[in-house]
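Going by the order they are written in, the chains are A, B, C and D; count residues from 1 in each one.
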Amino acid sequence: MSAVNADARNRLLLRVALLAVGIALVAAPYVVSSFQIGVLSRIAVFALFGLAFNIVFGAGGMPSLGHAAFFGLGGYIIGIGTVRLDAGIITVFVLALVLGAVLGAIVGVLTLRSHGVYVLLLTLAVAQALWGLAFQQVRWTRGDNGIAGIERSLIVPGDATLVTFYWAVLAVVAIFGALVWWFQRSPAGVAIVAHRESASRLAALGYRVSAYRIGAFTVSGAVAAIAGVLYASLNRFVGPENLAWTMSAEVMLFAIVGGAAFFAGPIVGAAAIVTLEVWVSGFTDRWLAVLGLTYILTMLFMPQGILGLVDDRRRAWRARRDGREAAATSANASDALTGSGGMS
Amino acid sequence: MGSILGHILNGLSFGSVLFLLASGLTLTFGLMRTVNLAHGAFFALGGYIALDVLRRTDRYWFSLLVAILAATLVGVLFERLALHRVLGKELPQILITVGFAFLIADLLLAYYGGRPQSPPRPPGLDGVLRLENFAFPHFRLALIVVAVVVWLGLHLLITRTKIGAMVRASVDDEPIARSVGVKVPAIFATVFGAGTALAAFAGVWGGAFTGLQPGSEWQILLLALVVVVVGGLGSVGGALIAALAVGLLDEFGKWLFPSFALFTLYAPVAVLLAIRPQGFFGKEELT
Amino acid sequence: MTDLAVETDALTVRFGGLTAVDGVDLRVATGHRRAIIGPNGAGKTTLFNLIAGQVRPTSGTVKLHGRDVTGLPVQARTRAGVARTFQITNLFDELTVTDNVRLAVAGADPKVRRTFWRPLHRFPHIEARVDDLLEQWDLAAVRDERPIALSYGQQRILEIVLATAGQQRVLLLDEPTAGVSKSEAENLVDTIDALPRDLTIILVEHDMDVAFRIADEITVMVNGEELVTGPPDTIRGDERVVEAYLGRDESDAA
Amino acid sequence: MSAQAVNTSIGALASLALLLAACDGAAIDDDVDEDAAGTVTVGLINPLTGPFAALGEDVNAGFEMYVDENDGQLAGFDVEILSEDTANDTAIAIEGIERMLDQGADVLVGFVNSGVTYGASEVIREEGVPLVITTAGADDLTQRDASESIFRISYTSSQDSMPLGDYACNELGYETISMIGLDYAFGWEAAGGFAMAYEDAGCEIVQELYAPLDTPDWAPFVQQIDREADAVWAVIAGADAIRFLQSYDDFGVELPLIGHGATTDEQVLDEQQELAEGVITSLHYTAVIDNEFNDAFREAFEAEYGTTVSQYSDNGYTAAMAIEAALEGAGASDRDALIEALGDIELDEAPRGRTYFDEYGQAVYPVYIREAVEQDGRWVNQVLDVYEDVSQFWDYDPGEFMSGEPLEERRGTWAD
């Protein structure tokens, strides 16, 4: 009975907190500078990219190092579509969803026989191959020069200022973020997590495991491509760097730093890493070294991410309050989380 | 005739460079199950240190030795202080090595600047073998020999000494390995150190071939990964055959269809991984 | 004879040079309970894997209720009515007990199984069945826990719940009491014994007492071959069985 | 479920707070003291990490040195210098630009990678801030995509190759040439400029080869060179240039080698040394231009930084001179005044020689025909000849030049 009360209270707390974050984000332009609006926009786009990635990584347990492929694909769809072919924004979004999903399905099929580090290498190879295509198929991509002049006004109805564009990005991110949330709670979404925990058990329950693996990549690819569309319109540019493997590594870092086992992990991770980058590059050119240290320290001391730490604290606090010995469960839980980000 | 022979020798010598780049990577993976994505950074570290010492002392072999020792030391420290703490966890290992690569490469850039540099060829190997209608540099011939020697050394190390078995036992079950008297930390540090030593050697000899500049660390890593993946993760013999095959393919591929080079390298690797994740010569893994 | 739930014909599988299962002709009538016993390495679990679909035979066929399923993958056999538990507990450790059961129930319903736009807990008919199962198996109190928080006996029970949630007609139990404490094992055997009689059960068991208590018939396997099949009493007195076990035990002890 | 959700919100709130705090720290107050003479804020935007870091460092060093030589003032204005790393990535560059604009940058100087320049040019145009490009070469930045606020003190990719087309055909007497270059826009445009001028001078391109950027082994390409040609023309930069010359030497290609200036740039010449001996190239700069301004620049730079001057440090240095001249002309440091004045500047005391902008914002300057030689123990690009007032359109009519097919798209058509 007290559990029910606590549950209701938590729900209420959650809604209030979400509302507060939402209001703060929407109202941010009235408080912060235009530079900071740019940074917030970037965080929002990366958060969506991270959510998409985490379907495969955190939930599905498949370490992709090739998600830049979907992200860059989305960028080139809006780049080639609007700058070279005069397509409308609806077409761009539909194409990004469809082609992102198709590429996702292909990658999903290719990785069916792979596990762990082999998934990582395979996805890396696919993304690198696409990078090579983008670099060399100059007639379409303009190669190294990339495609500039992507209009932000495509996404914003009416007047495209930095602020209205930011709101538009927030809206798109919120919509697709909510879709990812629904997806992850659906039977298919839960089955993807279950496949990570035990593929043999899932198959014995009547699920075709390969379909759920492919499904994870498909949905992930589609949403990542949407994030790529937003990123290209934020920069008004798309080039081979949108497909670079460092982009794939960075999105993995977002998920891990935030906490891959949590839905909001990639959001928190994107906010933390982008903020760190912006802050560090403000006073030193050695921000790559700082980024490198971040990778190392995160894996050594915070493998379950920021939310994992928060979660541990909360469990410990609650355990103390309940006067229960909680060390064991907490330790177990965090072990499980660490493992879940890894190879199944 | 001379032209075909030239192409074959070229392909083999480039393949030998690829094998040198990949040998340390395949060693650490094969024995420790650790994918060291900082491999390219150790390559650069070796190359830059050798150049630095050479400029100060003008003694080639001394600078080569210093570079290898210094990189090995860094590798051993890195293994002890960071990598060892995530023993057996693939993903944390991968991200830690990525982070270390960023760190090392950025510090190298800060210290040595960004101008392209190139460690010199070893003394005495500057010449060119010239036959009638055919020229081939001594250094490239030497690389082929060195690749075979390195392969032989690794092969013997793994099959003829107990170290291979001890390392594998330690990876599979550290407590048991400890209980039968294997000094697990020392073994891992040694193997990782050997991997970085090979990377540093590749940085000096392979570096004389490929040059050094910011970004080399990833370029070299990606090349090495292709070789290691094609050969089969952890298979030293596989890596040698794969390196030579990729070298020859690259040679003839560029000769026949020069414009698709980047794409042609990665697309077949992706397909190979999809069909045979363990590569051509890797052992099937039960997972 | 059409009443056979499981029927294998000359079922054989080789791994490299090793013949793990060698020409086994297993026939289990619908509603019967069959135990498969034998020394370690006799091929019992492999035989299970062949029936459930985890392993494909080198030769021979597997029929379920008269239908040839030899070429079907695991999930298709599950849908054809075979359920199984695993020798080592095999649950979704990061999901709650409820979600474990939900997935099991949803697995039998293609419409739900393939849904990706509606939360798993918003299917009333699934929820009703999940609640029933949790009640029926005394798991309601731990429904929000992760499996790891359950006792080992409860985990084994949860496995049986998952396996039977889709109302399968053949249940394969792979050493259900292995690693379970004496008192919990007792409880577990009672639970298995109380399963509906129209459910065909095949179990691999090390513990003779359990096998003899549950099974209507017992098959003894040695070196991948079927040594003898018969009612418990016959088996108990069969010299070949004693010899197989004793011979094996001696070599084990050595 | 709900526990996780609560986490979610706590985490999100915490990170938002973190973000706002950090951004606050990053925003430097832009109320620079406005004394009588006024202040000009210059934003340097160059790659300081990644493969082009050395180029960015040299540009920044050249720029800063000129400002230092003038005691931190240009035309009586106090100079405040901001600097951001492009990291060779458009998004990072844009972020840096936005930060500098936030901090009140009046003029931007930089860019090495043309793609990044194109990507960032939208922001720059929109903000109406003048940009002086110091390396990025894409022809169209000052041709088909020219903008009144964008100037370029460095070359267009094809500009410096065209004089050598004339020189190779008419002075060196090579009637047939095989071209080899890096397979990306810079390579195609540089090769296109050379080929067009060379063929219009009456000679013939017989082969066109391209190798990908970062080609580890140049042997397969070098061996394909047509040995029947009179000479080889190359455009290969950075570490590729070292590897290329090594292979060219190893495989005993006996043909004379000429090329774009980047092939034996001062940044790689120290490594190439005798491999580069006798290679003739064209560029708007060389460290050994013989005039008092260049002598002073070279000596001061080498004393300060300990490395050789290069076209990049010259580009940075000359960019500072251009901004000084514009401040002088405008008498003000606001963006519009600077844009207006930059178009009219004329630099007579630049180390490279007389330099001014054409109506598209592209520098017109002398182009040197240079030969790599060893001089007093150092390797330099000695001046053989000079073409004064070289425009990005060479001797062609700008309208006709731009109505033709872009040079980058003519890749692969020259040898036919």
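The rule is simple: a residue touches a chain if its C-beta (ideal position, glycine included) is under 8 Å from a C-beta of that chain, and two chains touch if they have at least 3 such contacts.
What you see is a predicted model; the values in this text were computed from it and never measured.
Of all chain pairs, the one linked by the largest number of contacting C-beta pairs is A-D. Central chain (C-alpha centroid nearest the global protein C-alpha centroid): A.
Relative to the C-alpha centre of chain A, the farthest chain centre belongs to C. Chain A and chain C have Cα centroids separated by 40 Å.
As a whole-number value, the distance joining the C-alpha centres of chain A and chain B reads 32 Å.
Centroid to centroid, with C-alpha atoms defining each point, chain A and chain D lie 36 Å apart.
Contacts with at least two other chains are made by residues 135-136, 285, 288 of chain A. For chain B, residues touching at least two other chains, in rising order: 106, 259, 261-262.
Of all residues in chain C, none touches 2 or more other chains.
This structure has the following touching chain pairs: A-B, A-C, A-D, B-D. Of all residues in chain B, those touching chain A in their complex are 35, 82, 85-86, 89-92, 94-96, 98-107, 110, 218, 222, 225-226, 229, 233, 259-267, 269-271, 273-275, 277-278, 287. Residues 63, 109-118, 120-122, 124-126, 128-129, 131-133, 135-136, 245, 249, 252-253, 256, 285-286, 288-289, 291-296, 298-300, 303, 338, 341-343 of chain A are the ones touching chain B in the complex. Across the complex, chain A is touched by residues 52, 54, 73-75, 78-79, 83-84, 86, 90-95, 99, 102-104, 106-108, 112-121, 123, 144, 146, 148-149, 162-163, 165-166 of chain C. Across the interface of their complex, chain A is touched by residues 2-16, 18-20, 22-23, 25-28, 48-49, 84-85, 87-92, 94-96, 98-99, 101-102, 113-116, 118-123, 138, 183-186, 212-213, 408-409, 411 of chain D. Against chain C, the residues of chain A that register as touching in their complex are 3, 182-183, 185-191, 193-194, 196-198, 200-209, 215, 219, 261, 329, 332-333, 336, 340.
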